[in-house]
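Heads up, there are several structures right after this.
You will see chain A twice below: alongside chain B first, and alongside chain C after that.
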Partner chain A sequence: MRTLIFATAIRMLTPVFLAFSIYILFRGHNHPGGGFIGGLIGSIAFVFHILGLGTRQTAKSYFSITFYKYDRKPHHGTIRHALRLLRKNLDRRKQKEKPKSIWNYYLLRLRPTYLMAVGLLVAVASGMVGLVLGKPFMTAYWVEGKIPVIGSLGTPLMFDAGVYLLVLGMVLKMVFTISKD
Partner chain B sequence: MLIALTTCFLIAFSAPWLYKWLGKHVVIPMALLPFGVMAYLSTLLPDVLHHVPVVQTHTWVPSLGINLDFRLDGLSLLFALLITFFGGLIMIYAAAYLKDNPLLGRFYLFLTLFMAAMLGLVTADNFFSLFLFWEITSISSYLLIGFDNKNKTARTSAWQALLVTGMGGLALMGAFILISIGTGSYTFSELLRQESDFSQHAFFAPALLLILLGCFTKSAQFPFHFWLPNAMAAPTPVSAYLHSATMVKAGIYLLARLSPVFSGSEVWQLTLAGVGAATALLGAFLALQHTDMKAILAYTTISALGQMVAMLGIGTPAALKAMVVYLLAHALYKGTLFLVAGTIDHSTGSRNLNKLHGLAKSMPAVAIAATLATLSMAGIVPFLGFIGKELLYEAALESSFLVPLLFAATFLSGVAYVAVAIALGYKVFWKNTKKQMPITHAPTPKLYGPPLILGIIGVILGLAPNLLITPVLERAAQSISGSLHTELELHIWHGFTKVLALSILTLLLGLLLYLIHDRILRHSSKLKGIYALGPDSLYRRLFQGFLHQAKLFTSAIQDGNLRRYVIYIILFFSGLMLYVLWFKTPHVLFSSRLHLLQLISFHEVVLFVLVAAALLYLLGTRSRLTSIVVMGLVGYSAALIYILFGAPDVAATQLLIETLTVVIFVLLLHKLPAFIYLSHQFKKYNYIAIALLFGAVMTYTMLLVQDHAVASELKDYYGKASLAEAHGRNIVNVILVDFRGLDTLGEITVLAVAALGIFALMRLHPEKGEKP
Partner chain C sequence: MPANQLLVIPLLLPLLGAIISVFLWNSIRWQAVVVAVVQLAFISVSVIMLQQVLQAGILTTQVGNWPAPFGISLVTDVFSSLLLLTTSIAGLGVFMFSHTALDQSRKHFGYYPLFLLLQMGVSGVCLTGDIFNLYVWFEVLLICCFALIALGSRKSQLEGALKYLTINFVASGLLLSGIGVVYSLYGALNLAELARIVRSDHPNLDLLLVPGIFFLTGFGIKAAIFPLFFWLPASYHAPPISISAFVAGIISKIGMYTMLRLYTLIFSIELEAAQPLLLLLSGLTMAIGVVGAAAQVDFRKILSFHVISQIGYMLMGLAIYTPLAVAGSIFFIIHNMLVKTNLFLVSGVVAHRHHSFSLLKLGGVYLRHPTLSFLFLISALSLAGLPPLSGFWGKLMLAKGGFEAGHYLLVGTSLCVSLVTLFSMTKIWNEVFWKPRPRQLKQQPVVTGKSYIMYLSIIYLLVFILLLGVSAEPVIQMAKLSADQLFNSEIYIDAVLNPERAN
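Moving on to the complex of A and B:
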């Protein structure tokens, strides 16, 4: 499956898929769609990315963030230091070479299990809103007014977002585990 | 109340972090918490004393009658004060007892969790919130008994306690449901106010029995007493707190709480009196067979619990008064003695009565605490224990039934207590002081302070009972009897009465029993044969047998052949369906449906042919990749069918799932072994037959359902309410996330657990000898 055409295409298409999946999540309340379908589309985007570029590349480009930092030099002012840090961190995709010796970096990895946990937490938290306000668990609350594309905001949407994250995390967990050898 | 409880739970769960952060000073917040709650409860004291119960209500699941209602009357307050006061002392004690244990934070978590649950239990007014707290006490007791989790005895004892009390908890749930159906009330206060007589209801007898089962298991009454001595595997602070002063009294509490409802019934009176007396006798008898201090204390606790249950069974005002006074006296002296036993164990490394002697010199403060407690236990004059015992004798003699048995139970166990008290107080501390007993390290103030405080309180309350504690006890007795006319006045001195003579006789006989105690111990091994028939070994045999059978069953059914699992499931399901279809339902008239065949349109036929062809091809293929692709084809066709019949949500999900399945199969493909036909061709026909059967059953069922569509308002309701109430036009999604959101929450939780299960399975390497 790892052909050049497929890999290049998928690299460009994955963000589109992801955006589409989020769109599906939001439109779910009024049109076919919703958290479950959205989560599946999102995970399929990643699955194709894995098929095209391999697990390692997927994890690197979507599930880890590298923060660069270095100790401030005496002749660098605070603002200059901050600007340099900002530039380094924003530009990092273009840099092919390894971080130079003065640059330390943090690697923040986003594990699919965390996605699952966060999804479950968001879903439960959306139910707790009612409980905190003195109503039974999972009473829905809506914010007045409408936003284009998203529609109206409310706890059911938050619940759906929880479902989305959980489904995404679950499929990714499975696929990552299976495709790793 | 809710705030206090929530604080307790929050602090409980932050205990490990507090320990990490504060180190050994973690004891400060943990001990301040119970004392703080106690101070809060004390502010409510005046209200309760003026017969105004404190009531607080918080809705939780109002549609099911489940609310967090709290109601603080005399009985609840007595228990709540006991729980918080003991809790504070135990927290301090535990800091010293488990000083070097790196898991102290976790210990505090469990202990505080337990304390919060127990507080909730005694203040809950709603049946189901009481049940919830009841179960949390069982679980935290399990965690605490098994705290030393590397010790096999501790683990099995913890299991035993959980299973026995858990069974009782289930029984209790049943009882509560029956009561709430029978009377329509979900709270104790409502139940007690009710005019109609529940005792005439058909559910009265089963509810009564279930309540008794629940309370007897919790309070270690015969024949469920066996878990309590085994629970002594817990660290000593736990034994002192849970298994002597508080948790085992939860059963007593519930019996007392429900006493006004049930006490009219003879079954209630006789069962409580009979079982209580039997437990009292048995506990006292078994206490004399042991030399381990904790075991002795455990059996005397069982015996004392039996006496309290018997008093509740008698149910006269005198008996109820005796019950509450004895409850307090017992908690004070038994708590002290447990703590003393723990301190001795900590300092000398032994709890064996035969090895310990003359400790008074090396640990004077502990000796004073122990002496005070044992004097109270034996029932010597100025102590609260004396008053309690006098009242017990009086109540037993005035009972309207079973007088000989009840009196024998109180008297004989009284004699045994005296003997045990002499052994624990005199023999361990004051006998042979000349010969020094080697102690590894002297007890610190945290180790002897709490028992000393408890012991001294026992004296103070005995000397001036009316000043301090009578009003609360009186309110408690009134809550149990349900009438305001139960008055309580406690006196140290009743004059020369029959009861006093009995008390002196008890002391003398107890002394005699102590003198021949050694001889009893020597002969106790002869009774081993009888114990083999006891409930403990019965439980063990049952447990082993159950595990053995389960193993046999599992290895017979689940042999690792995936295909066979599916076959079992499908055959079982089809069998059930066929039974129902054959015997219970009307038949489908095929002839009336024949004309429908004309309505089939062309694209439906195409889809049908496609699926059928794909399936036929699948049967003959010998390549995995082909079968995966063909299965995908079948799945996509199913999605097409959904679209044709107007279910875009389902169709989208089906399409995506099908895609994912194919892709995941492809990812897995290179890991699988070569594709070989191991099964005989004949077996394949079997599988085809099973598949056809399942398909036929499902098709028939669908036709049947269509013939007899149930008239449901649900569809209309959802259709209307979807936009009006839930702000959504997509009914499917609104149902998923709003109307039936709880179901979805359950489903996604299952998904998460399944993913973790898959992860565990994939990471397992059976070829390396790893076991699940």
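Moving on to the complex of A and C:
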């Protein structure tokens, strides 16, 4: 599957997939869609990315934080140094000066299993809102007012978001496990 | 505590515990702490729930605040809260045992979260008042059981897990078809609503037998009733004892609970047609289970076959279908959950010390561990039903109910089966505990670790078994009360559909 065309196309399409999956998640309350299908679409983005570019590249581009470290210049204070670090990290391509070290943190070390647990926790918490307010478990509460694209906010949306994370975590867990072998 | 909150706590506690255990994935010790806290809280919530149900009658809550026939109802009556209390007590025992006996690698691969999710499935089945949700909770049970049986992936385990999964998949398919048929016939999935429709003059009433057969076959597989039992001894002996004790002790009775619930609430109308079949099946289940056990020489396999035989007793109460017999069934389920779990735990301790489950390779345990032998003896005699131990009362109620209803043949069979059970338990006693240790094994070292917690779990369960035997009266009263509630379905229907009128 590793062709240049596929790899290039998928690098551009993955963010589109993700944005679309979030859109599907939000429109799910009154239209076809929702957390489950949104999570599946979101995970398809990563599955294609893995197919096209390999697990390591996917982990590097979506599940890691990279930070360029520089020495503090003697005449710079702490705040000025922090601002300089921020500026240098925001546009890394234009750097002439070599960074002192590159700090790379892989979020994948926090396995997809944790993503599943967070999803479950969010879903349960959305149900607990009703319980705490003295109504039966999972009673829906809505925030007043509508936001243009998203629609209204409330506990059902929170539940859907939990399902989204759960499905995403589960598919990622399966794909990473299979692609390791 | 208001019913709204009380009824979801048995579901939320294990779920939250499982989520927290996943976050503590790398630290087994903290996971164990979480599980211990959840178990203790679970027991106390079950006690509170039982107390409230005894005082105030059936409790209901509508999840999502949608009214009853449309939303998802959670219902608890005396029967389900008794069962929840028993499972929570047995759960703590199994947890104490697994804390010391289970190997580290299985704990590292998520034994504790799976255990908690399994408990959530059990409480879900007990509490749900909706037939589709019942199916979903059974799926939760199926997935967790499958994962637990396969955990560690030894060859025999995978074989057992595969058998378990395949046959239970078929059963789930049958259940789902049955639910589909019910919905297309009556347009309702809520148990109370279905019970109401079945008791009115609905034009489709003649077809009730069709879903009835689907459910009988589906739950027959899940509960291991006579012609469909073969998967149970083939898979329950495979995993380590900490897992098979819970699965064999608790999960196999959950199918029986659902049959009692559904057949008293919905299919009782058609029971005249099904009764001869149920009588025949219960007699055959008892007899075949115990005969199968007599042919085995493996500690766990003997116990697994006895699980089947005892399912026959529980079915007997349903087949006779008088309040006394159903109360006997309920008492028997409670007794059997505790005793069977305890016997599995004893076999686990023996195997931990002597490295084997085979009767041929064991012997002389009495000399080395007199206390353990004594603990086994009480549980085994209780299983066989010697007075004044707990098994006796259940069998007495069943036999009395059977005589009153005039099913002499079935009662005769059940008494003969009891005798064979006693024989089978004596066989284990002779081979494992009494006979001298086989000569070629004498050199093998006996593990003598400090595992007081293992003994503690057995003694802890034994206390409840003895209590159940010596002061059986309150439990028998509660069993009769729950049988009354099962027989007067109007109470259940009113409590769910018209909560204002019921109060």
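Rule of thumb we're sticking to: the second predicted complex is superposed on the first by the 152 of 181 C-alpha atoms of A that agree within 3 Å, B and C clash if a C-alpha of one lies under 4 Å from a C-alpha of the other, contacts with A are read in each partner's own complex, and residues count from 1 in each chain.
Basically, a contact is a pair of C-beta atoms (placed from the backbone, for glycine too) under 8 Å apart; a residue touches a chain by one contact, two chains touch by 3 or more.
None of these values were measured; they are calculated from a predicted model.
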Which of chain B and chain C A:Met170 touches, first, second, both or neither: first
Which partner, chain B or chain C, touches more chain A residues: B
First, second, both or neither for A:Ala140, with chain B first and chain C second: both
First (chain B), second (chain C), both or neither touched by A:Gly34: first
Which of chain B and chain C A:Leu120 touches, first, second, both or neither: both
First, second, both or neither for A:Gly130, with chain B first and chain C second: second
Partner chain in contact with A:Ile44 - chain B first, chain C second, else both or neither: first
Touched partner set for A:Ile178, first chain B, second chain C, both or neither: first
Contacts of A:Asp160 with chain B and chain C, given as first, second, both or neither: first
Touching both chain B and chain C, residues of chain A: 113, 116-117, 120, 124, 127, 134-138, 140
Touch list for chain A against partner chain C, complex: 111, 113-114, 116-117, 120-121, 124, 127-128, 130-131, 134-140
Residues of chain B touching chain A in the complex: 59-63, 648-649, 652-653, 656-657, 659-660, 663-664, 666-668, 671, 726-730, 732-734, 736-738, 741-742, 744-745, 748-749, 751-752, 754-756, 758-759, 762-763
Contact footprint of chain A on chain C as seen in their complex: 2, 4-5, 8, 12, 15-16, 19, 22-23, 25, 61-65
Chain B-touching residues of chain A, taken from the complex the two chains share: 1, 28-37, 40-41, 43-44, 47-48, 50-51, 113, 116-117, 119-120, 123-124, 127, 134-138, 140, 142, 151-152, 154, 156-157, 159-160, 162-163, 166-167, 169-171, 173-175, 177-179, 181
